[in-house]
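Naming follows writing order (A, B, C and D), and every chain is counted from residue 1.
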Amino acid sequence: MTFKTSTAEGPVNFFNVYDLEKMAQSVIPKGAFGYIASGAGDTFTLYENIRAFNHKLIVPQVLRNVENPETNTEIYGDKISSPIIMAPVAAHKLANVQGEVASAKGVGEFNTIYTISSYSTTDLPEVTKALNGAPEWFQFYFSKDDGINRNIMDRVKEQGIKAIVLTADATVGGNRETDARNGYVFPVGMPIVEEYLPQGAGQTMDFVYKSAKQKLSPRDVEFIAEYSGLPVYVKGPQCKEDVDIALSAGASGIWVTNHGGRQLDGGPAAFDSLQEVAEAVDKRVPIVFDSGVRRGQHVFKALASGADLVAIGRPVIYGLALGGSVGVRQVFEKLNDELKMVMQLAGTQTIEDVKNFKLRHNPYDAPLPPEAAPLKLY
Amino acid sequence: MTFKTSTAEGPVNFFNVYDLEKMAQSVIPKGAFGYIASGAGDTFTLYENIRAFNHKLIVPQVLRNVENPETNTEIYGDKISSPIIMAPVAAHKLANVQGEVASAKGVGEFNTIYTISSYSTTDLPEVTKALNGAPEWFQFYFSKDDGINRNIMDRVKEQGIKAIVLTADATVGGNRETDARNGYVFPVGMPIVEEYLPQGAGQTMDFVYKSAKQKLSPRDVEFIAEYSGLPVYVKGPQCKEDVDIALSAGASGIWVTNHGGRQLDGGPAAFDSLQEVAEAVDKRVPIVFDSGVRRGQHVFKALASGADLVAIGRPVIYGLALGGSVGVRQVFEKLNDELKMVMQLAGTQTIEDVKNFKLRHNPYDAPLPPEAAPLKLY
Amino acid sequence: MTFKTSTAEGPVNFFNVYDLEKMAQSVIPKGAFGYIASGAGDTFTLYENIRAFNHKLIVPQVLRNVENPETNTEIYGDKISSPIIMAPVAAHKLANVQGEVASAKGVGEFNTIYTISSYSTTDLPEVTKALNGAPEWFQFYFSKDDGINRNIMDRVKEQGIKAIVLTADATVGGNRETDARNGYVFPVGMPIVEEYLPQGAGQTMDFVYKSAKQKLSPRDVEFIAEYSGLPVYVKGPQCKEDVDIALSAGASGIWVTNHGGRQLDGGPAAFDSLQEVAEAVDKRVPIVFDSGVRRGQHVFKALASGADLVAIGRPVIYGLALGGSVGVRQVFEKLNDELKMVMQLAGTQTIEDVKNFKLRHNPYDAPLPPEAAPLKLY
Amino acid sequence: MTFKTSTAEGPVNFFNVYDLEKMAQSVIPKGAFGYIASGAGDTFTLYENIRAFNHKLIVPQVLRNVENPETNTEIYGDKISSPIIMAPVAAHKLANVQGEVASAKGVGEFNTIYTISSYSTTDLPEVTKALNGAPEWFQFYFSKDDGINRNIMDRVKEQGIKAIVLTADATVGGNRETDARNGYVFPVGMPIVEEYLPQGAGQTMDFVYKSAKQKLSPRDVEFIAEYSGLPVYVKGPQCKEDVDIALSAGASGIWVTNHGGRQLDGGPAAFDSLQEVAEAVDKRVPIVFDSGVRRGQHVFKALASGADLVAIGRPVIYGLALGGSVGVRQVFEKLNDELKMVMQLAGTQTIEDVKNFKLRHNPYDAPLPPEAAPLKLY
């Protein structure tokens, strides 16, 4: 199979990350773009992820003596320039022939955390190298075979990776009808998991997900923590019960997400789950948040609702498609600049101030931003 | 009157059951399609039935040790492959010349309950035969004449039918303006009730409904239970008072429905009534739910809100129109596959787990799914 | 000024009263149609009047032993065929050259109450005659001159009119921008008030309203009650305070309305005010309701929220335009038939049963019915 | 740079202030119009400002003995014809070559307060002269250099200006994407602040905002109050904490605003913040309100929610563009006429009555008025 996609590298002209989605549609092949952009089922959860940010409102604070707010923060000893980090996203080579190498280079230059996906289309060493010292986490799609899992963890540790993120919300693929309508199959292989998924290229997403382990349990968290000795983030808890299970099993962090609305449609916006999770965690471990983040104000609201870090996925992939490593860096810079502007207007000098900021509950519905209107994907 | 409709038999290519509605519109004659697809009055209740499912949200549960969830269940001793059953729908020959025989064949192959309508366009023995052993229930539009009612029940028992469903929410026809605009009359007769409705073909729905008994009372439930010796499900209760009346009269089950939004517009979504009914029933008898079910997640939410079985109507009729018995089976399989996927992602292994699942209240409005947008019907 | 409008008389083919509005637009001149159909300001209140009916929902009641529900009712000794009565509407000759004579004839044949407007384009005796014995009420736009008011009341009593309705919510005209955009002036004179408004034809609505008395007070209610000896309905209260003021001043009835959304935009739907008013009235006097009624279910909901009578305006005027007296009667019959159907499905045999029916609160927004979508009026 | 814009002077034909926006778009150059009309980010807050007015509803009051309501009021000894005043708006010469001189003339003729912006395109003496005795306030964009601030205040006092309004909600520019898309730069200089912003013309809004002081604190309020001896209004508080800070620092008034939705998107409608602010202020100092006011009913609702004065911005600028000083006066007259009509229908004779009026909470969403639908700005 010959797959042709963008080869771009260089600055992108855009005004917000919604722009990127529309622009990227013309440089990424249709099936691949549908895979990236679409959500599950009726797309309620996909769009609710964005609408939900206005369920809480930022009441500006004035006369707070703020100037040039600082976004740098620290997580388990790693100093980064911003709480905005790279979410694990499969198959960057769908968007740009440079793949994860360009993404990692852009993330490294911005100096934040890069979470490499198990379904990366680039192998671990190249990504680590491209990051050039920026902190790297590994997202784990767990194999049914513990021997393979050990081999993968051995390789992960070899790279000096700082944490493992166990994806627990995707034990099967969500109802991705856009992919079905487009007859989409992965056009590129996934070297990290080739031991349990040798035939990645040419397969449907369903096949890929089913090759990993369905029957995840707390024991898997314990096993990863024990074998790797690394902090384990459990990706998926959206309620107190799941937090309790994950922390009891030895998780060192909770990652609140609904997989960008790609898994279970008819579930809540991830942002609407964040506060309950934060109350359950009660600052015992760090919280990472993703799903629906398109604006600096979304980052602000997630931090003010209990997140320590905020991960972004699709926007980065669009930046990658349009500008390679430079486009990736620009996406982080744009959202971070928006965050700084919001921090200034909200009267918050530091990320700590943002975390202590009290948002106001909005009892009324919020419309989808006009720029986030659905694209035609099939 | 010569009525020509679909003669299809064989596999249908579709991605969700909304697709079927659009596709079926081109193979079912306009008046008949309007009769099937439309709702009453302003169609508030018709669409609220679908919107309402997102008034409660499924918070995924992770690390629950789930794999290959099982949908089989049991009702009064009948083992079926899924809690999804066939709702009583009048006049299948509107959609396919094969009529109820093909529907029953598809349902039998899927192995679930088939509820035959009094206004079936096929007589009882043929349907029973086509079911090939799958459990059959009989939906009763009660005659004004108890002698006729006894005769019908005698025939029902002769077939080995397992339960009688007394429709109590349709003592007159709803305000079906689409039918009025299309000048719709039933083009096919209804053999089961020909004793009290000999002239079924050529009549309006209003006429048909008025031929049955308006003045239903608890005494009718008692009479059916006593005379037939079969479990009686009362179809229509949406509040505690009605549950109390039905159970006091000897009902063996409660069927929560608003008749697919076809009867009383300006009433609640059936799903919004389910929890109150379930609390009133308090597990004393089984609860069947229908109205608005278009997704596996809808089935999940109904079960988690108190239903034991979930009935579907229009989607099956569209499957019948497009693929005969095979299309019917595909509709059940599609929704059951969606249900399994939701069960996996929600961390539930069995139907019992689903029934014990706690949904999260959503205080915000939910938009109508884009794919459920109204079709032009007249 | 020569004003040409519909001369229709005879049956109209329609399926609901929304149809009539669209059809009437083609037979009533633009300015006059705009005057009739439009609302004040941003039209929030105009459309909220309709949306609000789904803020409360009718949960059907089954097995209630109901057949052929009866809509007849009685008010201060007058027996009428339905709780649906004729609201006071100005200038019927805008819609049909036959004017109020045809309206009164249709209302009389249906046998309900006709409320004649002060701004009627037909004089009192002709209307009384056309009613042919059906009860007549007089809506009073009060003059600044009490001598004139006495003269009008003398004439009203002479006709055997049964009650006086004092309009208190229109001491100036609302912000009718459609009229301003259309440069609308009344093309026909108003004989009942010609003593204080001799030049009615050729004037704007603003001029007309300002010719009446602005400074209404409880003293005016007392004066009308004392001088006329007739029951006085105060038209306008939407809160407890106004009920207290009106009843203390001797009102014999409360008329809950927001003038069909034509007066104060940014106020509540009249239906949303009804329950508070009913609780304040506490059955001491009858309550009439209008504003937004387009369906039998709206009538049902108003009665179940405390109204004794429900008045309709615009739909009747459209029926008048399209079918003269026959069209008027058809409008009442259509809504009454819808009401009967709702009563049957709701398990209510009589209007008293409806008044005792408990509606269910709907916490979610309800969309505007598609058929009620705004027309282009200028 | 040659900048050409409207030169209009004379009466404008319009029916409401939404009309003006659409009409003004054709006489103001695209970039300048985008600067004036647009909001920040996703424009949630921009439009929520308008929607929010229907979160509270005016229940009409009848029989209140009201006639010809009076809108005159008084603030710190200044008698004005209406509580509607002129908000500080930058750069009137964008809309009309006459600039602030025409605005001030129109405002003076209407006799209300004119708040001159620091970023005025006309110098102080000319504006004061054009006001012809009407009260003038000065909006202060504070310099980083206190010497410059003293010089500006010296000039302000020289003009007999009555109060200083410290803008605290705009220490950096909001996310004005329309300006970025249009490549907008200010085409006209700003003489009042030329000491710290000599190169105003040719610069972006971002540059302009960053030239002023970011690090505002309570000390700045104290400094202005002490140095100028004038009442200081702090513009920006939307919560109790900010009120406490401002009043502790010596503010003589609180100005509730979100800068017309131009600064922090994702924050509340200013109207939704007003009641909390009013409760915190508890009548200790006057409250001015702006943001989203397009109707007399909006003015009424703001006054009934705690405001003493209500400022308008964009509508005046559109009036200026279309009719110079006459257009400006017409805008004030139109909104004041609407206010009077609402006062009459709400049963309130005086502004004091309006302030004591109790609005009704609306728990349901309110749609954006159709006439306020977004224009295409880039």
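Just so we're on the same page, a residue touches a chain if its C-beta (ideal position, glycine included) is under 8 Å from a C-beta of that chain, and two chains touch if they have at least 3 such contacts.
For reference, the UniProt names are A, B, C, D = L-lactate oxidase.
Because the structure is a prediction, the values reported are computed rather than measured.
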item: Graph distance between subunit B (L-lactate oxidase) and subunit D (L-lactate oxidase), where chains that touch are linked; value: 2
item: Homomeric contact subunit C (L-lactate oxidase)-subunit D (L-lactate oxidase): same or different residue positions, threshold half; value: different
item: Centroid distance [mean C-alpha coordinates] between subunit C (L-lactate oxidase) and subunit A (L-lactate oxidase), Å; value: 58
item: Whole-Å gap separating subunit A (L-lactate oxidase) and subunit B (L-lactate oxidase), where each centre is the average of the chain's CA atoms; value: 41
item: Interface hub residues of subunit A (L-lactate oxidase), defined as touching at least two other chains; value: 363, 365
item: Touch-based graph of the chains, sorted into line, ring, star, complete or other; value: ring
item: Touch relationships between chains, expressed as pairs; value: A-B, A-D, B-C, C-D
item: Subunit A (L-lactate oxidase)-touching residues of subunit B (L-lactate oxidase), taken from the complex the two chains share; value: 15-16, 53-54, 57-68, 295-298, 300-301, 338, 341-342, 344-346, 360, 362-367, 369-372
item: Sites on subunit A (L-lactate oxidase) touched by subunit B (L-lactate oxidase) in the complex; value: 41-44, 55, 168-175, 177, 180-181, 214-218, 220-221, 234, 236-239, 241-242, 245-246, 249, 258, 263-268, 273, 363, 365, 374
